[in-house]
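Some structures to go through are shown next.
Here come two complexes built around chain A, the first alongside chain B, the second alongside chain C.
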Partner chain A sequence: MVRIRNLHFGYSKKHPLFQALNLSLDRGHIYGLLGKNGAGKTTLLKNIVGLAFPWQGTCLIDEQPAAARKPAVLEDLFFLPEEVYAPALTAEQFVAHTAGFYPRFSTEQLYEYLEELEVPRGQKLNKFSHGQQKKFMIAFALAANTGLLVLDEPTNGLDIPSKVQFRKILASALSEERCMVISTHQVRDLESLIDTVVVVHNREIVLNHDIDQLAERLTFARGAAAEAPGAFYQGASVGGPVAIRPNEAGAYSRVDLELLFNALTSGDATALHTYLNQPRHESVQ
Partner chain B sequence: MNPSSNQTFSFPRFARLFSRHTTEHLPGYGMSVGVLAGFLLLLLGLAAYSGNGVLSMKGQAEFFVFFLLISAIIFTSTIFSQFGEKRQATVALLLPASHLEKYLVGWLYSMPIFLLVFTSVFYAVDALVLYGGAPAGHTPELLNVFGNADAVKAMAGLLVLLHAVWLCGAIYFEKTHFIKTGFALFTLLLGLSLVNYQALKVLVGGELRPAPPFTTLTLMEGGTHVYNLGLPMSSMQWLSYLPLGLTLLLWVAAYFRLTEKQL
Partner chain C sequence: MEFRDNEAIYLQIAGYVSENILRQQWPPDDKIPSVRDLAGELQVNPNTVMRTYEFLQNQGVLYNKRGIGFFVAPDAEAKVKQFRRARFLQQELPELFKTIFLLDISLEELEQRYAQFKADQAAALSTAPTISNGHENQ
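Take a look at the complex of A and B:
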């Protein structure tokens, strides 16, 4: 659905953010876009949705250039920025004047989501708290039923119960026809939700793998097992030492996204990177 | 993907966008009309009061022109403000409508709709002041804005040109559009006049009176006017099309600036 080829982009010629970046995102997946602050997650999302134009290379949505912002592309795309804008309209007025732009919008779904997220009705949206505004816009974005849904830091500003509801609703809204991209620096918020993890670091995509694939190939060890030699990455947590090792036994291991993210963005991650990009049957050097 | 009928302009989509814009901005526009009516009432009332309840046609025409031009550029400078503020711009740019439709909503509101509303408000306030304060035995004369065809043409030319300049500024700048557009315009005019004057001095030589672009050249000697060098009258009429051409160019430039808007 989204094809990024040879993307070069930055806000200053002297300090480009992306150089020759390639990425493909398909329907039927929830992608988690991870990166440190300032790594360019939001900028990458803006390039994907057509709010920023590549210096070089292409960003296509269903083979159409995103930067052209054609109505047919926009009807099938919803981008929820980190800071949402809520006009001085009631939810009903907002729906009456905006839903019509999205051919597959479902009012029933919207009100279901609003109820689940405990968003009050009847008030003007600009009078809501920041969290309520965000929850309303999340509900609207999901009810639009667009093929591509891009959410930038959606859990920022949400309280803990709302984060739980958010994950539940998002998981239920995924279908084979939809591609969801969620960027965050709060890795834990996305665990158990995403099926593919994309990590942006040092101007490039350093990881783009299915969670299941990662679970098959890596073991996230804790305690004494983490201290054995041969790990790609070793760190410390509250519960003791932690490490990422090749999954030689083939036993299922729950992917610790935070540990994986730390491994890829701190120090030398070449061995891990090389291992993950090798076909499964090859042995590790 | 569900392809819409036309990717450049679709009337139902445009009507939806127009209706959305109206609902969202109507309270603000309503307040602006109130402020305009208040200012007109205050100043026309003061003028009539100082003239013992009588306001001449010339006086009314001057008020009409001044308020029309100033309120037109102030209002036009705000018409694309939703594309300047980042949170609003994300919604405005990604709302499923074409760039042309988004541009046309702004153009329609800032030109024909503005003109209609301004003229109605002016006449209502003018009539209120003239008939309300007229001394006994005096029949008030209400201004006829279409009374002088040449003046109307000149006025319309100036209005559309200023509209085009501030429409460009409205989409080009992200905030304080009115001030920044005015500053850019006057800086450009000053720069052009200086360059034009220096270029003429090189081309013609001798002493010249400072000449802005597209004006008659005046040759001087010892500080006295010697000779005027201008276009023949038959060619002068072509020069009157210059503001119109410039207006069209600026309207098109504003549209393309919208298509290139990034965040």
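Take a look at the complex of A and C:
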């Protein structure tokens, strides 16, 4: 659905953010986009949805350049920024103004989601608290039923029950026809929800892997096993030493996204890269 | 649902589905929740639930009616017990043996305790008859 080829982009010529970046995103998946502060997560999302224009290379949505902003592309795409803009309109007025741009928008779904997220009715959106504004826009974004849904830090500002509801709604809203991209720092909020992890670091995509595949190939070791030689990365946690090792025994260990992220973005991750990108050995079941 | 760290999530969900089948919450030939509904309920990626359902279909626990959904197989209970038994013997029992060996617990003691456990179970079942024999006899 999304094809980025050889993307070069930055806000100043002296400091390019992306150099020869490639990325493919398909329907039927929830992608988690991770990156350090300033790595360019939001900027990458803006390039994807046509709000920033590549210096070089292309960002395509269904073979159409996103930057051309064709109506046929825009009506099938929703981008929810981290800071939402809530105008002085009631929900009904906002729907009357905006929903027309999205042919598959469902008013019924919107009110269902608003109820599940406990967003009050009747008030003007700009009178809502920050969290409620965000929840309203999340509900609207999902009810637009677009093929591509891009959410920038959606769980920021949500209270605990709202995060649970958000996960429930998102899980049941994914279909074969939809592609969801979520950037986040709160990996724990979304851990069991995303199926593919994308990490942007040092001006390129350093990881774009299915979580199940990562679990098959890597062992996230704790305790004594974490101290043995041959690890790609070693770290410390409250529970003792932790490490990422090749999964030789074929045993399952939960993919620790925080540890994996640290391994990929600090110091030398060459060995880990080489290992993940080499073709898999036939594993013995 | 809280997930453990040492088993793939799709298998833990398979355990949850099996549990519902063994407890007769989902009787034979009943339609079980759709992939989307269960994913929403458990707050997991629908692809994970799909993997669970496909796995259980391969085990003969579920069957798929194209376009309608997944159903509990008539002999699901036996199939669940079969694959859970295999899992237990292969994965959990060796762990248990390790501990038993390490702590020097005798087989006699285990036997005694297991007999006691079975007696307690039987007593619990006879005081709470609603748990067993829900659907099969109707």
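Convention: the second predicted complex is superposed on the first by the 281 of 285 C-alpha atoms of A that agree within 3 Å, B and C clash if a C-alpha of one lies under 4 Å from a C-alpha of the other, contacts with A are read in each partner's own complex, and residues count from 1 in each chain.
Everything that follows uses one rule, which is that contacts are C-beta pairs under 8 Å (C-beta built on N, C-alpha and C of every residue); 3 or more make two chains touch, one makes a residue touch a chain.
Predicted, not measured: the structure shown is a model, and the values here were computed from it.
On the shared subunit chain A, the superposed partners chain B and chain C are arranged side by side without overlap.
In the superposed model, A:167 lies in contact with chain C only, and not with chain B. By the touch criterion defined above, A:32 reaches neither chain B nor chain C. Within the superposed three-chain model, A:194 lies in touch with chain C and out of touch with chain B [touch as defined at top].
In the superposed model, A:40 makes contact with neither chain B nor chain C. When both complexes are overlaid on chain A, the residue A:52 reaches chain B alone and has no touch with chain C. Applying the stated contact rule after C-alpha superposition, one finds that A:100 touches chain B and leaves chain C untouched. By the touch criterion defined above, A:254 reaches chain C but does not reach chain B.
With both structures placed on the common chain, the touch criterion links A:76 to chain B but leaves chain C unconnected.
Centred on chain A, the angle reaching out to chain B and chain C in the chain A superposition, using CA centres, is 150 degrees in steps of 10. After superposition on the shared chain, chain A has more residues touched by B, the comparison being chain B against chain C. Minimum C-alpha separation, chain B to chain C, in the superposed model: 23 Å. Across the superposed pair, chain B and chain C touch chain A at no common residue.
Across the complex, chain A is touched by residues 1-4, 7, 10, 13, 16, 19-20, 23-24, 27, 85-88, 90-91, 93-99, 259-260, 262-263 of chain B. Across the interface of their complex, chain A is touched by residues 3-11, 36-37, 39-48, 51 of chain C. Here chain A touches chain C in the complex through residues 28-30, 164, 167-169, 171-172, 174-175, 192-195, 212, 215, 251-254, going by the rule given at the top. Partner chain B is touched in their complex by these residues of chain A: 46, 49-53, 62, 69-79, 81, 83-85, 87-89, 93, 97-98, 100-104, 147.
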